[in-house]
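Both of the next two complexes hold subunit A, though its partner changes from subunit B to subunit C.
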Partner chain A sequence: MDASQVLDGNRSLARRARSRMFRGSLQGSEYTWALAFVIPYIAIFLIFVIYPVVYGLWLGSDPASYVELFDDPIYQTTIINTALYLAIGVNVKMFLALLLSGFFMRRGWWVKALLMIYVLPWAVPQLPVFISIHWMLNGDYGLLNNLLFELFGIEGPSWLDSHWLALGSVILAYIWKWMPFWTVILLAGRMAIPQEIHEAAKIDGATGIRSFVHVSFPLLANLYLVCTLLSTIFTVGDFNTATFVSGGGPAFSTFTLATLGIRDAFDLAQPRVGVAAVMTALPLVVPLVIILMRKLRTAEVQL
Partner chain B sequence: MTAVVAEGRLAPARDTSQTMRRIARRRRFIGNTFAGLLGAVLIIWTLIPIYNIVMVSLESHSDVFSNVIWPQHPSLDGFWLVLTQGYWYLEFFWHQYGNSIYLGAAVTILTLVISSLTSFSIGRMRIRHGWLITNAALLTYVIPQSFLAIPFYRIMQAYGLTDNIWAVIAALVTFATPYAIFIFHNYAAAIPMELDESARIDGATPFQIYYKIYLPLMMPALVAVGTYALLLAWNEYLYQFLLLSSKQSMTVPVALAQFLNSDEAPWNYMMATAIIYALPPVLVYYGFRRRMAAGLTMGGVKG
Partner chain C sequence: MGSVTRRSVLRGSLGLVAAGALGCPYIANAAATTATVWWTQGFVPDEDAAFRKLVADYEKASGNKLDYSIVPFAPLRQKEVSAVTSGVVPDVMEDADLEFAALTAWQDQLLDLSDVVETQKSRYSEIALLSRQLYDNRTKERHFYGVPMKTFATPFHIWGDLIEKAGFKTSDIPNTWDKFIDFFVPVQKELQAKGMRHTYASGFVVSTIGVDPINTFNAFVTAYGGDGIVTRDGKLHSEDPKVREAVIQALTRLAKFFKDGHIPPGSVNWNDADDNNAFHSKLCVMDFDGSLSTELAMINDKQAYDHDMLTHPLPMSNDGKQLPAQTGVFGAVIPKGAKNVEVGKDFLKFAIQPQVLNEYLKGGLGRWAIPMPSVAKEDPWWLDPKDPHRMTHTQMALFGPTIPWYEAYSPAIAQVNAEHVFQVAWGDIVNGGMAPDKAADKAFKRAEAIFAKYPIRQS
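Let's turn to the complex of A and B:
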């Protein structure tokens, strides 16, 4: 019997031991332990996810509430707002985050110091900041118009008193709050690209934009896609930004599906209509969830 | 003969290398100028809303409703008023602050315990059908939180748990655990299985392995996830707003939003409250920034 056989024998023994210890035949008490460890999470999932989801589907299964919802004049504006919020807010934010993550790859102490300041919106809680932005955009006393007047002599508009300016303000506040987070994620993605690849590309004459288009972006594309999809789902459910920056105004013109659902359910005490409003986002959300579940399972992109 | 040819060729070569260098220098200069400009724009963009919070918090009532861009008589009176609960909207400020801390601590601890036990059972003990639990977590992660708010509220109402902070804790733990499970799962993949096996052969029970081997080795991931859960609880508003209605059970963000309902909102007091509320997460964030950034990308953003 030579050494390699001994080793092989040991290895198969170890494998057998491992399979005995960890596979299906966890011995009685160990299986009990393993089960006891997952029971809290299973309980949470059943009580606080499955139960509300099923109950919500039941609440939203009444056709009459959809009739009522579609009769609501605010609903159409809400759909347009939500579509614009997602299309512009998410994509502009993600694209700028992608470009800025390249900027923050530069060397030098001042870039690092700048990054520390730049991530501040991520660290500050949402509510105080959105309330502050709401007051900042006040047409008469807000800081923004005061600054515009002091510096350039311009009389700024009343930002939150017109539909489009108010919606634009909500989108900009949203970008302000969340762009740093995604920049840091994409920055980490860029840092994971081996330096040699960039050097090789440089020797072959690819610099600047060409290096980005042909080297960085193809390597980041999958991460960028997953981040965009995730961000879209999070944004569909965003309640705070529209609620506090514009307050849904002027004249109920800046609601999104999430804020409309909460308003119908609680301000108007019609939970079924509220659930119906939220349910009309499902044709968008369900395909995204399916794509994301596949991507997250296979691609090992973790957030 | 050969030497002359060589010299003849050398002169223009030196010329081009000089122009090349000049072009490169000019390009670097343009690049640096552009980077500097971009940096300045980013700083202004990031700091204006923050500046607005600080400025308004230092203003007196007459400054708030004027067109100044820096208060004429900056004072800390607003902060003093908040700290001494000297305004009728703030009569329970410290109590509410305590509620926020209680909420944050409970969410953090429960998230850490439940998700580390779950990931230990799935990843280390390899419980049967563990992938089902992973998928359940993934599904929870991609459901927009606000969409569950209406059924969740009705269920809590049915059980008489409205105006009870534990209802909020349950909701936030539900939303924090999936991400925590992923992070733990990925981080634990780098810890050799042999450690568990040898402990098992020495007669350790699964709980001892979890407590004495798994948890200490997972420390960096625990810190990252703990920070994440704390910030999540501190950032959340919707569930706290829906489920906490009395002044005694409210948390700070709910109380802050209530200010907006008064006839003429006291912006200076609101912004002072906002700063006091925002300080802990900002400190935690900058204290654990490296750990958190590492946590966000733990397991590799492999794209």
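Let's turn to the complex of A and C:
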């Protein structure tokens, strides 16, 4: 065997190895069929996932857009609002959901009936709900102030006409809308805890709060954290609540990054600045996604 | 029938893909006489019906087809911005607001439509022509980047019956600015004393949304002598003491009127339709709103339209001089990248023929005035005293002293207004407790920064 034959042999081996890498265990026509079936999905993924992401990154890649954004006097208020919205809205919602999931573990037909009513705010479409809340909170002819006047003779405040009341209203509406969903998730988590563990803890004297602190919560902790991270990521991009409850007002004082982005993109006809506004959430979102991914890879069995 | 094989499936799939790809240009070519048109939805159904008739008349006259969409102004604005950003544009778009054309012309995203405007140039009002000659930052020149089709002024809308219910007479309404506005304060008090707990003197929009708060601010600044805030050379005159004083006075007056409870509190969050709704539900005795949309929404209520509502022109300034009405002009643009420019232009040339445009705007019940004064003079319908609303509005928009919306002068003011810079100032006063002069300084600083980004070469 001369050197050229050895070389040819090596090349052929390399080709076969490459081919095996792509083909896996598929043989002949199986490989072609596999390609035919997978190509539409790859095409859809490229068009509807990769392209929008890359286009968004391209739109947000101009440094001048960030200069423009940081010069905007309402940007700082928007950042503070977003931080408050996330910190208060997400955490209060998740904590209350955790507590309520314990309540809904109780037996009895009325608890199940109550659960069905309780999940209604989540089940109803967002826009009519938030628009209804907007009208309910109207200072002049809203349901809430009319009730206050009819029942107690009190002239209620203009809920949406001052910064803090309006921001508080937005956060409350958000909690009311999304708490049922996370309650159901945490309820499912609680139901997955084997009953034997609770019974063993009970024998050791852990009941009530002690059972929650030493048994339920440690087992739910990972789920709770993952849910909180997910919820934070979802909420960063929440446009509907602020837009339809307070309209971002008064005087843009309840804007969040999502509403600022839309306003810059469409009202000011500056889509690049709008994308830049949303991009400034990345320093928060990217670490959250990384932590989330790590948590999801946790090897040990934990709820 | 042959059997289905792997090769036949793959061949068939490839054939379909190829047919799809090749079919697209074919469809476009086949529709060479079709133009896509996006138009703003009217406030009353008659406006949309009039547009549909205009389209049908054009199609009949030309043999071309118009594939049109009628969209409410807020989503239309978003659609238009998305279109010019992505490059997937229609052939003709109506302005969804007063800022869009100025901003997109600056960015060289619109076609020069001088040849279209030229066909009727002698018929147009000076304001109509001025308002559509927009500045392009690439060519450093002004051209007709839009075709004028509708014009409007902003009158006061008043419930005469509420004034009488409060024990006053409409003939008592004073005719100088501050006294005119103050007249409605005791009317409010009397009505509230009579049990109308939520009826306010005025429906001035003091929010940071839409056109109405800009309208309101500009009218107050003009009334106090600050109409030179932006001049024809596209410059902002923030250093002019007269302008600065007028701005401070306007902010002070509006903020005080609001804080004193003479404007519904919800007005800080109102959009353009909310003051109309508030007026219709008698939440306010007087409103200040552009065009005749307020009145026309109640045209079927004969008592309200013919007797109870008044359309009032601007009063005099406090020192008795006639105030100019700020007159806005809407129209159509053709974005760059439009596929069927010739059909688009042909449609616009057809639409702005005096008799055609007149019929179209009359079909819309005269919500918008025709931007051709001679046509309004020739057709008695526009100044018919039997309809005092239309007569007053036409008089204001076409035959009284007028000034254009400042967007005609500079795209910078389009951004200032889109950001609602001066409207944030009254928010600073009302919510933030800022002194009016400090709020004005803050607003001017922001406005100056924006104007610095839009240098205009003087010719």
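The rule we apply is simple: the second predicted complex is superposed on the first by the 269 of 303 C-alpha atoms of A that agree within 3 Å, B and C clash if a C-alpha of one lies under 4 Å from a C-alpha of the other, contacts with A are read in each partner's own complex, and residues count from 1 in each chain.
What we mean here is this: a residue touches a chain if its C-beta (ideal position, glycine included) is under 8 Å from a C-beta of that chain, and two chains touch if they have at least 3 such contacts.
All values derive from a computational prediction rather than experimental measurement.
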item	value
Greater subunit A contact set [subunit C / subunit B]	B
Partner chain in contact with A:Ala188 - subunit B first, subunit C second, else both or neither	first
Subunit B versus subunit C as contact partner of A:Gly249, first or second or both or neither	second
Which of subunit B and subunit C A:Ala265 touches, first, second, both or neither	both
Partner chain(s) touched by A:Ala34 [first = subunit B, second = subunit C, both, neither]	first
Partner chain(s) touched by A:Ile233 [first = subunit B, second = subunit C, both, neither]	first
Which superposed partner A:Gly89 touches (first subunit B, second subunit C, both, neither)	neither
Partner chain(s) touched by A:Ile117 [first = subunit B, second = subunit C, both, neither]	first
Contacts on subunit A seen with subunit B and repeated with subunit C across the two complexes	29, 33, 140-141, 247, 265-266, 271
Touching residues (chain side subunit A, partner subunit C) in the complex	29, 32-33, 36, 71-74, 138-141, 158, 160-163, 246-247, 249-253, 265-269, 271
Complex contact set, residues of subunit C against subunit A	6, 9-10, 13, 77-78, 81-82, 84-85, 99-100, 103-104, 198, 207-209, 264-266, 268-269, 271, 283, 415, 418-420, 423-424, 426-428, 430-431, 442, 446, 449
Contact footprint of subunit A on subunit B as seen in their complex	35, 38-39, 42-43, 45-53, 55-56, 64-69, 113-115, 117-118, 120-122, 124-128, 130, 133, 135-140, 142-155, 170-171, 173-174, 177, 179, 181-183, 186, 193, 197, 200, 205-207, 210, 231, 234-235, 237-238, 242, 253, 256-257, 260, 267, 270-271, 273-275, 277-278, 281-282, 285-286, 289, 293, 296-303
In the complex, subunit A residues that touch subunit B	14, 17-18, 21-24, 26, 29-31, 33-35, 37-38, 40-42, 44-45, 47-49, 51-53, 55-56, 59, 100, 103, 106, 110-111, 114, 116-129, 131-133, 135-136, 140-141, 143-144, 146-147, 149-150, 173, 176, 180, 184-185, 188-189, 192, 219-223, 230, 233-234, 236-240, 244, 247, 258, 261-262, 265-266, 271, 274-275, 278, 281, 285, 288-289, 292-293, 296-297, 299-303
